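Quick one: the structure is below, and I'll ask about it shortly.
We call the chains A, B, C, D and E, going by the order they appear; numbering starts again at 1 in every chain.
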Amino acid sequence: MSALLEVRALTKRFGGVTAVDGCTFEVSAGSITALIGPNGSGKTTVFNMVTGYLRPDAGAVSFDGRRASRPDPARFYRAGLSRTFQQPRVFRELTLVENLAVAANRPWWALLGRDVPPTDRRRAEEVLADFRLGDLMGNKARELSFGQQKLLEFAAVLMGRPKLVLLDEPTAGVNPVMVETMEQHIRDLHRQGITFLVVEHEMNLVMRLCDPVIVLDHGAKLAEGRPAEVQRDPLVLDAYLGT
Amino acid sequence: MGTALLRLQGVVAGYGRGDVLHGVDLTVEEGAVTCLIGPNGAGKSTVLKTVSGLLRPKRGRITLLGRDIGGLSPQAVLSHGVVHVPQERSLFPSMSVWDNVLMGGFVLRDRAVVRRRIEHIADRFPIVANRRHERAGSLSGGEQKIVEIARALMLDPVLVLMDEPSTGLDPRARQLVFHTITEINEGGRTVLLVEQNARSGLAIAHHGAVMESGRVRLEGTGSSLLADPEVARLFLGAAPANRG
Amino acid sequence: KGTNSTNTKPIVIGISLSASGDFSDPSAAAKKGYELWAKTVDAHGGIMGRQVQLKIVDDTSSPDQVVTNYQNLITKDKVDIVFGPFSTLLSAPAAKVANRYGYAFIEPAGGGPAIFDENLHNIFFVQPAPVVDSGTVFANYILSLPADQRPKTAGYPELDDPFAAPIAETVRQKFEAAGITTVFKQIYPAETAEFTTIVTKLAHASPDIVVGGTQVADAFGLVKAMISEKFSPKFLFLSNGSNDPVNFPDKIGASNVNGVFGAGDWFEDEKSPGNAEFVAAYHAAYGPGPIDSTSAEAYACGQILQAVVSKVGSLDNGKIIAALHQGSWASVEGNLSWNSVGEPQGQDLLVEWIGGKLVPVYPASVALAAPTIPKPNWAG
Amino acid sequence: MHLLVQAVILGILIGGVYALMASGLTLVFGIMRVINVAQGAMVILGAYLSYTLFSSVGIDPLLSILLIAPVMFALGVGIHRVFIRALRAESGEEMSLLVTWATALAIEGVLSVTYTTNLRSTIPGYAQRSWIILGYRVAEVRVFGFVISVVILSALSLLLARTRFGRSVRATVQNPTSAKLLGVDADRVSALGFGIGISTAAAAGAVFGIIYPFNPGSHYDLISRLLSIVVLGGLGSLGGAVVAALLLGVGESVVAVMISPSWSSFVFFIVLIVILVFRPQGLFGVRERGAL
Amino acid sequence: MNRLSAAGLARGGVVMCALVAFPFVFSQHWVLNMAFFVLMYAGLAQAWNLLGGYSGYISLGHVAFFGLGAYSEAILFSHIGIGSRGFLPLLVLPAIGIAVALTSVPVAWVALRTRHMTFAIVTLTLLFVVQQLAFNLRGLTHGSQGVSVPSPTFSLYERPFYLALLAIFALATLVTWHVRRDRLGLMLFAIRDDEDKARGVGVRATEAKVFTFAVSVGMTAMIGAVWAYYIGYVYPQFAIDPLVMIGSLLPVFLGGAGTVWGPVLGAFILVPAQQWLAYRYGASELYLIAYAAVFLAIILLLPRGILPSIADMVARRRDGRTTPRLPVGSAREEIAS
């Protein structure tokens, strides 16, 4: 398997805090890679740099063999990079269906076409029904509960045709039953050839779903390997899992 | 134990148009940890908001030790000894971590008490001391959650409402939080906990309640709900295959 | 219409003035003049036996509203006659509306160059001279001085405004032609509130004579800054502001006014036709105290209308326009006559503050005192 | 050279007065995310009040601040009670622009009716006096104004940073819901904060009235400058407002003296745009981590 | 959806027909003059709404482009001498619109890097910058002397101006109406809610904003050009006037920002009210106070603007009767048509 995403010596400082410190790892095409680590270890910051929300202080990110020159989330997205946020971000004044329609990847010349073309609407209705949001699809997104907003964000990822999906704690605040649905979707997409990079604190899910697992601590890579290996690694036990 | 501290009877509430709670009945016993679980959008957070005064119930009664607190302002509810840690981010992002925790004791007039408490908290949650001058908004998601919980300990409440305190926490921090909840409870305070991490939540709870579509569907002791296969299938998900 | 001698309906005169905004101050003075004239006429039996009724509406100092107002006055309320609003900025668009409907546009306050460039035949600016020429009388006076008293260097602070800067520019051209060196010239924008910077630089250049192309507010600001910067030129002329008998001493301090020149189209003690009557009526109506010349200008509009209507014996605007272009017309502003685009053909008078009073000092024919030069230092 | 130094000195003094006028604006924004477009009108109102006290009762305009400030405070609290609070809920920033703009109009209207639109200025004995320091002329009023600015601004920043009230004010604006949950009376705090912001206009107005002639319409020119200052300094930052005001003062006066007054505000505005494009949060504003 | 759009189109058609017929039914000058200003502000409000209402970028500098349009028209006369006093000056409008739109692109690109209040202030600053240029570039604009535009001699003077404005207004409304239903509109709404997130799901935010800005100010400029020809004089302080800016903003918020007919409704109520109040009661000096009071009352009673507030009321009433949630459909459409 070739590397879809390569992160080289990535570094980000905020004032005195070094959030990410020379972090290097790869995500190979077709994998479901986990990125775990204690609170504040820099996982979200890595995501922000990889998806163009933050400019790295040093180091480089290359996606699909090309090095990203200037950070621009929209371009990254169109290149096939899609993400969710740890704190759910939805378009609060748009309806659920519209939220999903925005995320549907359309060429620029569709700009003057319909806002929600029938194909998008059908797809959106399907996905929403899967997450038990079907009844609410005409409601504004700000009327959703916390967990429902997370689900909506996740659903938006399913609208595009991404190559790599970055999920930031997708299951936080989501009901365990719904987590299973989510897992199912991830596996389906994975079978269709989509690669995942998942930040998650729910170890059961990580161990079931992901391979390999990368462990971050203080902004640098601490360990990497098969789930079972990582789970036994004394460094990881010490820094993260605890006993 | 045994006497009802908080009692909701037929509470109906909502956000502007339409109702979200369609008659909630719930009893929280004094000195117990009660855990509320249920699917996303069931109305769990709405129950807490209605109790703490962020939302005004349209119908029904909410009583605390027999006194009616339904429809009081959040300030008034707080003065009855009810502290609410909401689910959304609730820190003041441009204030320092330390000032945030200080704000937790805003209603305390006695400076000495404030100082004693904050030092105690800083001991227990090192992040409060280590990052005291940093702006709270710059912390990571999990770090913010910890500070929120730390802040809630500034007061000495009768009842603590916690809305999914374990979201976004790493395994250690999660243990610390559940441990803290148990400790608070052992200190004589009553806790009403909402958790999606239902297994861990029910595990430390004396009492559990399951909500669905704006109503309480099931009640029982924490362990009995955990053991119920129907509850497990509908609300807890498949039993974990390999526990970490 | 209206030629029927049995018609006893009042003659309605439409006027738009500014109750708010930039031009509300002078508008208030104009209103006094208009109303005083109407009252006086009515007391004397009106015009052609008909009473005069003013319909004054507000334009909030906005050109859109002024256009709307004259539209409404002419086409909706069908007034017989219109008089002008305050400021060239508003008079210009308003004159076009009046012109469109063939109304004579007798106006007290639109004398900037722009309004005459339009070549409108219906405009009559009721002042002795077009605004650009209001400094000419001062220039003539200075150039009439013997060579040893004449200033050598001059400074020109000029407000960027259609009827301020051009006045100073006209003077500057005359002075430069006569060999007075320009050592300072600065145009400042209309919203300028801070004059210390300008005066600092002016004081640095230290000209013998300062010719300010000013409006009212900036004139006060400029002088106040000169006082606090302790810069006192030998001659100081301001195109506006210093000719205000009420506000000038009030704003800069009564002890500082002496020796400052200004230009005036009208003066309280003037012997112009009907002036004594006007002044008396004014004091009777509004109490004692100095009179703003804008009130006199507005009053003069009425006088001229009265004269022309009596002469042509009708309210027909076409006839009025034709008549006004012939001969000269008496008013408190003097005897006025206009060229084909409405520019008056006379000359303003030069006034100076002497002994705390505003006195006409030039030309000699109207002077009540001799000019005192040089200007004394500021009292502080 | 002499001219340049003189211009810089003057600019600093002008800047001091602008800092005072802008402080209320930035404070109110910092407290409740309300852009108070009426701040300029409030300054003019303050100027009229001190003018009246001076011309009718003979109270020194600078001393009169002590009398006017409580009046303006009450006015601020009243406006908050009636208009601003009603808005707080959803429509937020844009609506507050409109409400405060309407308030400005109303103030202008009331002032026009009571005082007419004639230009006024307050002229106490020291209005036109100046000191000569090292050969440079420094107007006394401006120095007084500058000192008053410094005092008030320091008091304000201490109040916000160090006191319990200050903390509750900041908390309320940053997260009203959780402030309420911690026992802060958000309405009262915002009203007080708004009142304090408005009451700074008393001092600003008294000083303004001595230095510049004013009429009810003067607030239009004022507010655009004040807004620029506040944004350049970083919305909500007191220190930023001071620096930006000094920058404005010095910049304008230097350009006015060295080039032409016609270009001075133009230059300032261009500098403002350029800075904001590279630092949208202003000189001293901080960029929030947001929801990243 | 399609049915709804058709209904909206029909409604729009009826309104437009009535507006076209208007100057042929009423021929009093003062009525047409009033109608001219109503349409002018309706057009300005609509053009502004396209950017401000949809994307949430509050521009306080649109009137700078109004002025640019006015000066373009005046300069075409005075410097290039298009000479005609007839219809030619109205026929050049599209050229002016396009030229100004293109000129605005770099400005928009720079200004739109800032957000929220900063954007508002930057654009306000732009207004003053352009006004100062109009004052200071005397060679081109004659500075404070202003530029005169010769008046035409139309048989019914106001009618051609009215019709020209109506055409621009119709264009603005059509654009607004279409954008509300197309993907561009969806993107602008997404940008208004959370621009960063929108970028993260591939929205070409910069392009969308700059394009919308250019279209919006292009239409604004055309209106400015008509105004200049109508009034006959272009002075810097009137062509680029903060009061005109406010006048075109108020209808938007009064009627409901981000809706198609809200700004229009707002202008149809506000402009006659304001002109009438000033004409009728102005001299009593209470005009400003009355205007402010009416305005405050409206804001307090209908905080989100007339159309959205009415939509809310209707929705609440409907909710009161039937317990279930809102019917499935777009919440945006509720207030749209």
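Keep this in mind: a contact is a pair of C-beta atoms (placed from the backbone, for glycine too) under 8 Å apart; a residue touches a chain by one contact, two chains touch by 3 or more.
From a predicted model like this one, the values you see are computed outputs, not experimental measurements.
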If a chain touches chain B and chain E alike, it appears here: A, D
Path length in steps (a step moves to a chain that is touched) from chain A to chain C: 2
Chain whose average C-alpha position is farthest from chain E's own: B
Distance between the centres, which are taken as Cα means, of chain D and chain C, whole angstrom: 37
Geometric centre distance via CA averages, chain C-chain B, whole Å: 77
Rounded Å distance, chain A centre to chain B centre (Cα mean): 28
Centroid spacing, where centroids are CA-atom means, of chain B and chain D in whole angstrom: 43
Per-residue overlap in chain C, given as positions that touch at least 2 other chains: 19-20, 160, 189
Per-residue overlap in chain E, given as positions that touch at least 2 other chains: 132, 135, 196, 285, 287-288, 325-326
Contacts with two or more other chains, residues of chain D listed in rising order: 108-109, 112, 262, 265, 291-292
Residues of chain E defined as touching chain C within the complex: 28-31, 33-34, 37, 132, 135, 143-146, 148, 151, 157, 230-233, 235, 237-238, 241, 243-244, 275, 278-285, 287-288
Sites on chain D touched by chain E in the complex: 29, 35, 83, 86-87, 90-91, 93-95, 97-99, 101-103, 105-106, 108-110, 112-113, 220, 224, 227-228, 231, 235, 262-263, 265-266, 269-270, 272-273, 276-277, 280-282, 290-292
Chain D - residues contacting chain B, complex: 164, 167-168, 170-171, 174-175, 177-185, 286, 288-289
Contact set on chain D toward chain C in their complex: 2-3, 6-7, 10, 14, 108-109, 112, 116-119, 121, 123, 127-130, 137, 139, 212-213, 215, 217-218, 221, 252-253, 256-257, 260-262, 264-265
Complex contacts: residues of chain C adjacent to chain D: 19-22, 24-25, 28, 160, 186-189, 191-194, 196-198, 200-201, 204, 216-217, 220-221, 224, 227-230, 247, 251, 253, 380
